[in-house]
């Protein structure tokens, strides 16, 4: 192992830069050279890279986004794209590749690892937290806190106007973000794609809350539950209470990472390089029960992480 | 002048609580009693109030929203509503009333001042900054900074993905918020209702920017310009560049007020009570060229504040 | 189990209010009444309490400090104080008591549990994270992030002036806070009480860094290492480089809790009430390897939590 | 006017980068070339500079510190240093120089303007706000808000522990920062160098407050008032109340600038270049009564800005 590559791919997540920094510095400390492929998989296919030294990653631990840029790339999924990637890695004598990204990026890493001679290790970084094999992904804690801060502000208006607010958060088809945000902002109701909700029952709960003296309410809804605009209108129509919708948008994906996102980025980056130094590939690193671990890319890509429903149960009790 | 009332009305704005605190404490310092009417004009019509002492307003300087709650009230606009309000003020021996709110609230204050014996003074508090007679309203600076912080985060993703982001901010039919936010986040383009824009020209600017090497762009758009969802789709279709929309929602209306919003709340609250102590009513306080001032409610309600177009010109040059 | 008490004691920590809210609402959900003792142990000794209902804890999840107030109390340690406390709990028919606080508060809880008939359960809340039996205490994550945000700002000046900054963080006699802050701000050097440092070696590292082109440096020092003022002066004298000291003070102990501190407060509060409902006392709740757990007060008070030295090792490599 | 230089000097202030960006882009828009001298005056004396283009200043509007770095330079004050500077400006065909900094930097600018052929314009940037000729300096609003946010957190602990906190803020020998911070955090007492305070009277006020039921207090003290450590000890000794000291340190000088600091940086940068384009030198730009203005360097350096005492009077009433 002499030269390794890094690529950030898919949606960006706060802490990707901290992970790049960790990979570069641990690699350098162990005598490895590092190439940074730019703009996601596209950079590998187009052979577009820059050398990364410890000085190249100065001051980036606190920055959102990714200095390597990223993209969603269609060609990369094709066998032709994968072949080109494999060829370019070989041409640059890249012995190991660290892929930083979410679910889709790890699937790409798996496909490439079947073709390429280079050892490939994934680092899970996505605000959605939907990667199997790790309790938490890089960026999740930051996104939770960004949404929490915004909802703390929205609560001011909800209380002052005695209104219901439906707040849509990200999370794609999963409810990890919504459930943690909902619990920690004290949401009256949390809606996630994993649990179908009944509109009639929902109206009932809202009116019951109002009857018990709760004049305002925050409903945190995952984007994956469907049309929140319609939901908001339906609530207003059926409960007779004023309802407003607020969509917490792309700010959730950016911003300076929290300590926890930086911590995960640091230990994941370190672990990824250690695996490569040990000659191991086809792995994705993670944290499970507070231990830094790794599983195979196949297992991660082939399994579905389950949502902790006890959080939703507790949130319900705490919102009384 | 022995007893004064306070009411917060219309949309809430960060710093309303700081203004309540200032009014209560300056009034108390000058030997006045204070009644806080609850839930906006409705509180006056329904004769719903609480006494406010210096201790009632402890610790509220830093809170968003309004401890008196607020509402938009239809009945209040009617002559019947105004008569009821006037009667209740008299019944409670309220000699002076401080109305904290935006444009609409001041119109209500003007209507009431024509009927009621009580002296009425308005304090402009709205994130829209669209009140004539003051260079800046309470809450404006906070909303600008809230939007700025979110857009600073969105910029991370815009740059990392090399995308165009249209970010819609509040401001009702005016561009005060959008222009100050746009200037201070370094937006490539700012769209305000006061200046009609040409879609073709807009696409041209975006493509020119891209040609000059600016791979990402932030377009700050006031909510008053119309359908930003359509605009976003049009840009993507016509420029061939990826475009995303993010609507900065109700968070702009809440949150702990900035120092400047608290400062204005403090000096406005003080000025309002001083006017009442001087036996003056039918006024709205403000800050003009750094001096705390007051004008008549008629003048404020009857005039339109002009937008400083030089900010937009400067923003254009600074985005090159 | 019909009535339980709550008390917050010792230094305050962000998330104490979220824990109070959780205890009150879970207790209420299970048919228990709740008494809130005020100003720490003093409230039990003086029989000073208020009833707490789900509405009493509305809107407090986001507030720093503790609505029950707290104090450090000398009398409480005496056998006389403990007897008075025990008597008052009995007089109020308090069957269970939840003690929210740090190390010292748990020692008080242990002493009381030996005398009182009431079941006593501790909830670890301290920014120092120095409680045995839990991987993380309520407030720790918030304090880490508060210090991180400040140091991110100090880094601006450090870089612009090409200076060395020694930043002292809290943590009493332990290095939990300093090591996590140091890792996540990318500190060049981290000093903790658990590892004696050699001044000469320290000067050497600083000059070596400077020689390698690192013109500024952040040294994160735990308050427990001794006189940072002297250290700062010594560094300047011995390295010839400009050094400045900044002490991150009491802000670390306050502020709105992060999502993680609120999450721990919620699950700890729930667990504490569940233990009481099961008739169990003399326990302290915690989180270990991501599971909510409990151990005896004796074990917690009698053991010393070890610092994860691998964090310091990793931080060193990452600062190259 | 073909080529202009920029230098940032003295203590850094948030918004310096936004000012650099504004100068560079306005200059470029008007066909001027820009040289950025590095590390303050030292860069001019050592002839150390880089060319700055619109792309060099991309993304810096939101960064604290200064990309040009800064220093306090002894040689620069000497006539020899000034001669070297003048010679280097001439050698590089620098027709105009923009000096961004505080009081001391403007004095340097004045000295240089007497010797150099280049037109010299100052932009006031300092968190101390102690520059004559402008109501507000770049960085002041950011520092006020940074201190405010920290004190809002400290207030949590002050209230929970029912303690007195003395919080020392920056401001050198002036009370601009302390008075605005004090007013906007609702400080019970504000101490500034411009008004001598009597210790006995101070103890009296504190005990009176306590007697009226205010169990905690925040005293905001400017660093210029003297030894706050001693003051804190004296208060505790003489009032019998617990007192703690917290020094808000260098974080006040860094961090992402607020909207207002960015706004001032933008209009000041624009004005400075316009003056140079008009062939005018020996000026310092500013904002007075909301108008962007300029006065001579002599007048600015030779006059003392007065502190608005009405803020302190109002703060006293509002803290009742």
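In this document, chain identifiers A, B, C and D correspond to the written order of the chains, with residue numbering beginning at 1 in each.
Just so it is clear, a contact is a pair of C-beta atoms (placed from the backbone, for glycine too) under 8 Å apart; a residue touches a chain by one contact, two chains touch by 3 or more.
Worth saying up front: this structure is predicted, and the values here are computed from it rather than measured.
Where touching is counted per the definition, chain A and chain C have no chain in common.
The most distant chain from chain D, with centres taken as the mean of CA atoms, is A. Averaged C-alpha coordinates put the centre of chain A at 39 Å from the centre of chain D. Mean C-alpha positions place chain C and chain D at a centre distance of 35 Å.
In chain B, the residues that touch at least two other chains are 152, 155, 159.
Every pair of chains meeting the touch criterion is listed here: A-B, A-C, B-D, C-D. Looking at the complex, you find that chain D touches chain B at residues 21-22, 25-26, 28-29, 54-55, 59, 61-62, 135, 141, 144-145, 148, 152, 155, 159, 180-181, 183-186, 213, 256, 258-260, 262-263, 266-267, 270, 288-291, 314-315, 317-320.
By the touch criterion given at the top, residues 8, 12, 14, 39, 63-66, 69-71, 146, 150-157, 159-162, 165, 244-251, 253-255 of chain B touch chain A in their complex.
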